[in-house]
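If you scroll down you'll find the structure; I have some questions about it.
Labels run A, B, C and D following the written order; every chain starts at residue 1.
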Amino acid sequence: MTLTREGIAYRVARDLTEGSYVNLGVGIPSLVPAYLPSDREIFIHNENGVLGVGPLAAPGAEDPDLVSANKEFITLLPGASVFDHAISFSMIRGGHLTHAVMGAMEVAANGDLANWRVPGQKVPGVGGAMDLAFGVQNVWIAMTHVTNKGEPKILTRCSCPLTAPRCVRRIFTDIAVIDVTPDGLMLREVARGLEPEAVRARTGAPLRVADDCREMDVPAAFNGVQLTI
Amino acid sequence: MIDKTVTSCKEAVASVFDGATIMIGGFGGPGVPARLLEALREQGASHLVAIHNGGGNHDYAFGGLILDGRIRKLIASFPINQGAWAFRDRFLKGEIELELTPQGTLVERIRAAGAGLGGFYTPTAVGTELAAGKEIRNIDGREYVFETPLRADFAFIKAHRGDRLGNLNYRMAMRNFNMIMATAAKVVIAEVDQLVPVGALSHEEIHTPGIFVDRVVQAERHPRVFERPQEGRSP
Amino acid sequence: MIDKTVTSCKEAVASVFDGATIMIGGFGGPGVPARLLEALREQGASHLVAIHNGGGNHDYAFGGLILDGRIRKLIASFPINQGAWAFRDRFLKGEIELELTPQGTLVERIRAAGAGLGGFYTPTAVGTELAAGKEIRNIDGREYVFETPLRADFAFIKAHRGDRLGNLNYRMAMRNFNMIMATAAKVVIAEVDQLVPVGALSHEEIHTPGIFVDRVVQAERHPRVFERPQEGRSP
Amino acid sequence: MTLTREGIAYRVARDLTEGSYVNLGVGIPSLVPAYLPSDREIFIHNENGVLGVGPLAAPGAEDPDLVSANKEFITLLPGASVFDHAISFSMIRGGHLTHAVMGAMEVAANGDLANWRVPGQKVPGVGGAMDLAFGVQNVWIAMTHVTNKGEPKILTRCSCPLTAPRCVRRIFTDIAVIDVTPDGLMLREVARGLEPEAVRARTGAPLRVADDCREMDVPAAFNGVQLTI
């Protein structure tokens, strides 16, 4: 059984410990805040100069001077701060943020990340993706395990232009949690009802299975589709 | 008595010349000097080099300048925001040049100019195509890419409150690029929501000291900056 | 619930180890973490490397640490302030090493560490003895000297108000080196005049966001920081 | 007739135009604020992070968090701002300050400045002197024309360690105002009752006399001692 996008976000949220300072990318990562345990204080950073982001602003209650990096109207939690871009990217590049959770087009077994430019894309844009990938303590990827066409996104080597080499620490997908270790990819968790072999079959790089590899602990509400091995 | 205020955006941008390099603050709606940009559309200067994070929004402000064919080159990190169709069109036709730089490198290059530095080494982009052809240096076991300062003839910035001395205060997420761009251009023009008397801003809430600012103009917010999200960002 | 507060300066500095590198904020009286420094005298760690603008004042706080022979090396810009007789004595006896760096270069080196940069080029000191032996580079027709980041194991800083998340607010001229040092050490310890509840500081008056701070301790100002001018500066 | 120290400060103050942003060193430069014309708005910068410094604080009214770069308790004028050291030295090194007025041990005909270290001084300290000398738009020197021993301080070449090469634009002394030009030193003004030759005799470098060289316009209250040629 795969996880839904929300299920991947839920699983990421479980791993964010109290006191984490986290930058969340668009797509699946942007769903993470909804699943953060309410008893953990975790600070969401936006590269446009806010730390301590709360829920999106309610319609009619938007502050025009307060948007997320994704340009949505946001709110701030008590204790949140605002600052300029230089300080914001000092936080990022200086290794002060504990986590960046991003989507990816490709991740390589050595931690190489490609998520900023599809080959052949006619107009390029990088934003803060490289700064985050180079600077943040723990770069985590949250994505579907394979492309829409069923092709693996976890590969021996990226074919797309790199965002940063050797930066990814952990990969959360709809079927697995995989760590990038000095010895290569290590399967930590598999989705409910799946064997490690099913993950291996959908992974384009050697995958070792951790001794304590276990089933992901995610509520059934996040079940996606049934996979045939 | 020093008075850096000018009475209209038209007057504020009058001296912009053909071929000038202009920094434009703002990220999304907050801190975008949209009225100054609209005044620049009227003013007519062209062949401009723009330094701005994104690619402009739709057909007004910076997007309008691009649409009008007034921008020769853009130095940006994310010119593919949703509303940047005018940039996309011109770029694909080869009518506008793009220098793409990571967002953190962009602001640091601007800061370096404002702080009088000759350049710096950043880890960002080493081993990627954005560092291609650039000097790479190993410092204490890590590789860095050399980046140079970015200066401009003009900076268009947006603050919340300002006084006749050029002191500026920002609300919430308005600071973004504005605070740094205010240090790195020969002529810094600030659009503010509200002109206040000297002393109305406490010493501690002046975010951009007047030394960095040349002209201040009060202008009602451009209505389109209140629009719902118009821009995306990279993953 | 996150709680970065500790109940005493003694507890705040307990983990400082022999040989540690410590940044110490403050310029004159404002922003000097005198209570933390006094606690460190009690704590006993020695062979310390200190990064501080001056050479300490008389026989208390940083001056006291020097007097006690606990500082192996000082990285500073102006260790000849009037009250720095303890430093002078030890330096002339060869008991303390000095790395002299221009004040602006000092703060920029600390900032480089905090901002993740590998180094930078500054014009300051080119052609003087303070650039002797350093790499000089001509960039766009001007000469610059290469300077490297300064990191520390600990930063001792002083703010006016702070909360349990580590958010800090400074009064008047207290910011000086404190804001930058807060970004460049593994463990950042803030002495504050007043602990306030989370939310008491507005988003806009948080000068050092809590992400940079590890420990916060409330302490009554050391009485000697109110003393009349104790330090001179170069012409 | 020489000028007193206050007279030199007065003369410097005359040349600071409205809107100047000025850093003042210790010694004679620190006397300048008393003589700034009240109808000119001029901003005094202190490198410890204040711009818009007012008079020294009255006894009993000191703010412990507000000192000058010289560690004296100061006040701030309306419109003054406070900031950190990084911004303060961006103002200096980035060329935003219009003037730095400093004392000097030696100035050379090419604008070389030596004011940070006496040769043989056992403990060195530089503070912000080099940043100011390298960064500020107009580096002005305010000093006595000769040393206590009567030796010239304006020389063909500095013998003390340099603060910065080729940085000085104008020199204000107790007997002259001299500009440093690409063609060497140019005498602009002489103290009351002195001939240019008297200045030349006390200057250790070639000195050209400007066509419009004139007598300094300084009130008699600032008269110092009578000089014998």
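Here is the rule we go by: a contact is a pair of C-beta atoms (placed from the backbone, for glycine too) under 8 Å apart; a residue touches a chain by one contact, two chains touch by 3 or more.
Nothing here was measured: the structure is a model prediction, and the numbers come from that model.
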Inset, instruction - Name, by label, each chain that touches both members of the pair subunit B and subunit D. - result: C
Inset, instruction - Identify the chain pair with more contacting C-beta pairs: A-C or A-B. - result: A-B
Inset, instruction - Could you give the separation in Å between the centres of subunit B and subunit C, each centre being the mean of its C-alpha atoms? - result: 33
Inset, instruction - Would you kindly tell me how far, in whole Å, the mean C-alpha position of subunit C lies from that of subunit A? - result: 36
Legend entry - Centroid spacing, where centroids are CA-atom means, of subunit A and subunit D in whole angstrom: 57
Legend entry - Inter-chain centre distance, subunit A versus subunit B - centres from mean C-alpha coordinates, in Å: 30
Inset, instruction - Would you mind listing the residues of subunit B that make contact with two or more other chains? - result: 108, 111, 115-117, 122-123, 171-172, 203-204
Inset, instruction - Could you check subunit A for residues that touch two or more other chains and list them? - result: 76, 82-83, 86, 89, 92-93, 134-135
Legend entry - Chain-level touch network, classified as line, ring, star, complete or other: other
Inset, instruction - Sort out which chains touch which and give me every pair. - result: A-B, A-C, B-C, B-D, C-D
Inset, instruction - Write out the stretch or stretches of subunit C touching subunit A in their complex. - result: 1-2, 111, 113-117, 163, 165, 167, 183-184, 198-199, 201, 203-204, 206, 209-212
Legend entry - Residue numbers on subunit B that touch subunit C, as the complex places them: 108, 112, 115-123, 137, 139-140, 142, 144, 148, 170-172, 203-205
Legend entry - Touch list for subunit A against partner subunit B, complex: 25-27, 29, 46-50, 62-67, 69-73, 76, 82-86, 89, 92-93, 102-104, 115-117, 122-131, 134-135, 161-165
Inset, instruction - Would you pull the subunit B residues touching subunit A in the complex into a rising list? - result: 27-31, 55, 76-81, 87-88, 91-92, 98, 100-105, 107-108, 111, 122-130, 160, 171-180, 207, 221, 225-226, 228-235
Inset, instruction - Name, in rising order, each residue of subunit A that touches subunit C in their complex. - result: 18-19, 21, 41, 43, 45, 51-52, 76, 78-83, 86-87, 89-97, 134-135
